[in-house]
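Chain IDs A, B, C, D, E and F follow the sequence of writing; residue 1 opens each chain.
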Amino acid sequence: MKQVLAIYPGSFDPVTNGHLDLIERGSKLFDRLVVAVLQNLEKDPLFSVPERVEMLREVTRPWANVEVDVFDGLLVEYARRRKAQALLRGIRAISDYEYELQMAMMNRKMEPNIETVFMMPSVKYSYLSSRLVREVARLHGPLKDLVPPLVEERIRAKVT
Amino acid sequence: MKQVLAIYPGSFDPVTNGHLDLIERGSKLFDRLVVAVLQNLEKDPLFSVPERVEMLREVTRPWANVEVDVFDGLLVEYARRRKAQALLRGIRAISDYEYELQMAMMNRKMEPNIETVFMMPSVKYSYLSSRLVREVARLHGPLKDLVPPLVEERIRAKVT
Amino acid sequence: MKQVLAIYPGSFDPVTNGHLDLIERGSKLFDRLVVAVLQNLEKDPLFSVPERVEMLREVTRPWANVEVDVFDGLLVEYARRRKAQALLRGIRAISDYEYELQMAMMNRKMEPNIETVFMMPSVKYSYLSSRLVREVARLHGPLKDLVPPLVEERIRAKVT
Amino acid sequence: MKQVLAIYPGSFDPVTNGHLDLIERGSKLFDRLVVAVLQNLEKDPLFSVPERVEMLREVTRPWANVEVDVFDGLLVEYARRRKAQALLRGIRAISDYEYELQMAMMNRKMEPNIETVFMMPSVKYSYLSSRLVREVARLHGPLKDLVPPLVEERIRAKVT
Amino acid sequence: MKQVLAIYPGSFDPVTNGHLDLIERGSKLFDRLVVAVLQNLEKDPLFSVPERVEMLREVTRPWANVEVDVFDGLLVEYARRRKAQALLRGIRAISDYEYELQMAMMNRKMEPNIETVFMMPSVKYSYLSSRLVREVARLHGPLKDLVPPLVEERIRAKVT
Amino acid sequence: MKQVLAIYPGSFDPVTNGHLDLIERGSKLFDRLVVAVLQNLEKDPLFSVPERVEMLREVTRPWANVEVDVFDGLLVEYARRRKAQALLRGIRAISDYEYELQMAMMNRKMEPNIETVFMMPSVKYSYLSSRLVREVARLHGPLKDLVPPLVEERIRAKVT
């Protein structure tokens, strides 16, 4: 019997309904799913990494086999340390997809034993990205249906 | 503990090294992988469906959790009958990808509980397709490295 | 005051909910919208041209400024005859879009005074095409939400 | 009789011949066309927003139903305030197109009653963008045929 | 000193102004350029292979280093026989490009010493293809600017 | 007899095995090939322009007809000054390709006598870019097979 651990890496600044949709789908296919927040030094984050982690923990509570973690450095090294067999990536648009394929090939080059697996979020989230959410948030546009209620609340507290 | 059965559907006329590469990758992530040959009425097949199945059985023998089967009708209905949780698809080029996404969305619409999962074959097979193999075969071009030796042999017997 | 007549050309074999969605959107922007069925000799149609026209008339009845017509020959010549200022096209996927741009450039070359205007159907129909509907129909798959009820009924009568 | 107001939003830093081509095409299809300059805080603009507006007013003078305006905040909120029924966007390349579709879907999500309409500039401007114009200008390359003469003059005055 | 022979393969049914534009560009970069007509058994050709060759010879007469030839079988085998160092291909749209890349990779796999080189036709021919020309011809649309005058004449004689 | 000089422009920060692969291919087709380093003011370079030039000279030593140079300002003006007939560009992914086509069209507009010629690097380098190399370098990931040994050494010296 297999025991597959998959890693879903990203910035999650903030987590959107599209991310959540993908986490739910991944949690059904893999024995364990680690949502891994990249600890990078972004120029202009909306939320700090600890804030993102806390929100992710809150909103992924319904799925028992989902865990939230933080990593820095090379993704494949983190994945190797975690003994992961798969990296999970969501794909929506073509432009995503190109960059995703390049990253996946590079990662395979560095670590041939870890597979990248692509899944589709629900079509109703196909236009959604953290960047668009941040833009809408900064312009005080409506966030309902774009992010979970908890995240909407936190954004409102931030950007007033 | 999860028990995930995935289906890898296709025409496989003939199976290429790119297909085999993907089957190997899939067999590592899923508990069971069913290679399902579509029983359609193609205009101008190189091999009959029973011939394709027999070659697939031969070349997938190394992987104990891989099974070869035949289906007709709607893919998602076959998947439901087999109690599959996932459909496996290989993606190489962008044009593939577009059509694949449309099919995946349609399949999700008809059966929301079955996920489509995309994986990449090795970059060295990124140009390879059954159609190109058939064309090269008909023009008596070299098939080494494109298909398994058994398949090369059968093609040679066919197209002389 | 402008009076703009737009033509929405296609095969409509059969009309889908995606087409209807676009017709509704177009009817709001243009003074008159002509849904123009191409009278070509397709290899393997599901419905005859008169059947398609009849179904289109039925399902577009709610919009007073929408008319259904048939044409053959060059689209731009038909458009010129109808004194149209615009051709309406729906775009969903990238592959569509490429071919659409080529056609639009060719049409502009032949008739510079008629503009091609692209609109998006609802995201929930982004995977939908007449070809997919015909495939699902032939395999007796579910058609609900893909086509209007009237069309579903007619298809059921056809493909039993 | 319909009265359709369309908004053509952008940065227009500076307006190019491709923009002008699209404005002319849009002015023929819509009763009124508002060219709306986004009042954002770009990092390194070539012209200030008032300078862009002034040049746009000058070069769009030939079309009586074209107006130039400035907006900030959410585009769809501006559009709602102006009682627009349509947003006009030019599409040239695929990469444009992808981002455009995402924005259009997001805008429709926030305001379902405003349609995004895509039109093609003349094929001879398909390579043209404000960014390329700024780069050529900074390197003292030839600007003839890329921007209207008035804009060329202003650029020459700026970048010496 | 190098002596580079390049092959420009295709169906050329019929040769278009876009092909001619590319031939002219190629003739400037390569010592010799062979326009090679594929002797395949297409379903529904407009011109026979000898007719295509004759028209190509006529319209390429201005370039002394351009030769017209016919081939069947594998392109790379023909190229090897001709001692070519390069295959010339025109690229216009993305969809072209994908298929072209796949072919180029397959050809390199079979014959690593022959390079595929891509060049762009003039932007004013970016929408042009033999297929579109055949469609316009069959619908008696205008062919001026799409094909050389000689070809237009021959088409007129064919499709009345 | 033709004497064709081609220019292969880029940032080369640093030169990768993909660049080298393309330089080797180009050196076979053109009489002379100039690798031209763009003297721009990038935000965050890994190597200075003189360092890049020195490494390029070292690693291109095997090809007698390859020269390394530096340029600033408009590429086509540099190319004109060098009396080049061609610009050489490598294409891998679609997104590259789009931007490349736009640049090529712009360059043709400014200097119609210089052709842009596209060639493919080996498929095994299709995922490789200087940007990815810099990222891997900064995260202390493995660089073997990505860059020539000399460059790997210099990177190691830089990023400790």
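Operating definition for what follows: a contact is a pair of C-beta atoms (placed from the backbone, for glycine too) under 8 Å apart; a residue touches a chain by one contact, two chains touch by 3 or more.
Remember, it's a predicted structure, so these values are computed and weren't measured experimentally.
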Reaching subunit E from subunit A through chains that touch each other, fewest steps
2
Shared touching partners of subunit D and subunit F are A, E
For subunit B and subunit D, the contact-path distance works out to 2
Of the chain pairs D-E and C-D, which one is connected by the greater count of C-beta contacts?
C-D
Looking at where subunit B touches subunit F, is over half of the residue numbers used by both copies, so same, or under half, so different?
same
Magnitude of the superposing rotation for subunit A and subunit D (Cα, nearest 5°)
120
Subunit A to subunit C: how many Å between their CA centres?
38
CA centroids of subunit C and subunit E: separation to the nearest Å works out as 34
Provide the C-alpha centroid distance between subunit A and subunit B, rounded to the nearest whole angstrom.
30
Listed in rising order, subunit C residues that touch 2 or more other chains are 94-95, 98, 101, 105, 123, 126-127
What are all the touching pairs of chains?
A-B, A-C, A-D, A-F, B-C, B-E, B-F, C-D, C-E, D-E, D-F, E-F
Of all residues in subunit C, those that touch subunit A in their complex
94, 123-124, 126-127
Where on subunit C does subunit B make contact in their complex?
93-95, 126-129, 132, 136, 139-142, 145-146
Subunit D touches which residues of subunit C in the complex?
1-4, 25, 28-31, 85-86, 91, 94, 97-98, 101, 104-105, 108, 115-120, 123
Subunit F - residues contacting subunit D, complex
73-74, 76-77, 94-95, 98-99, 101-102, 105-106, 109-110
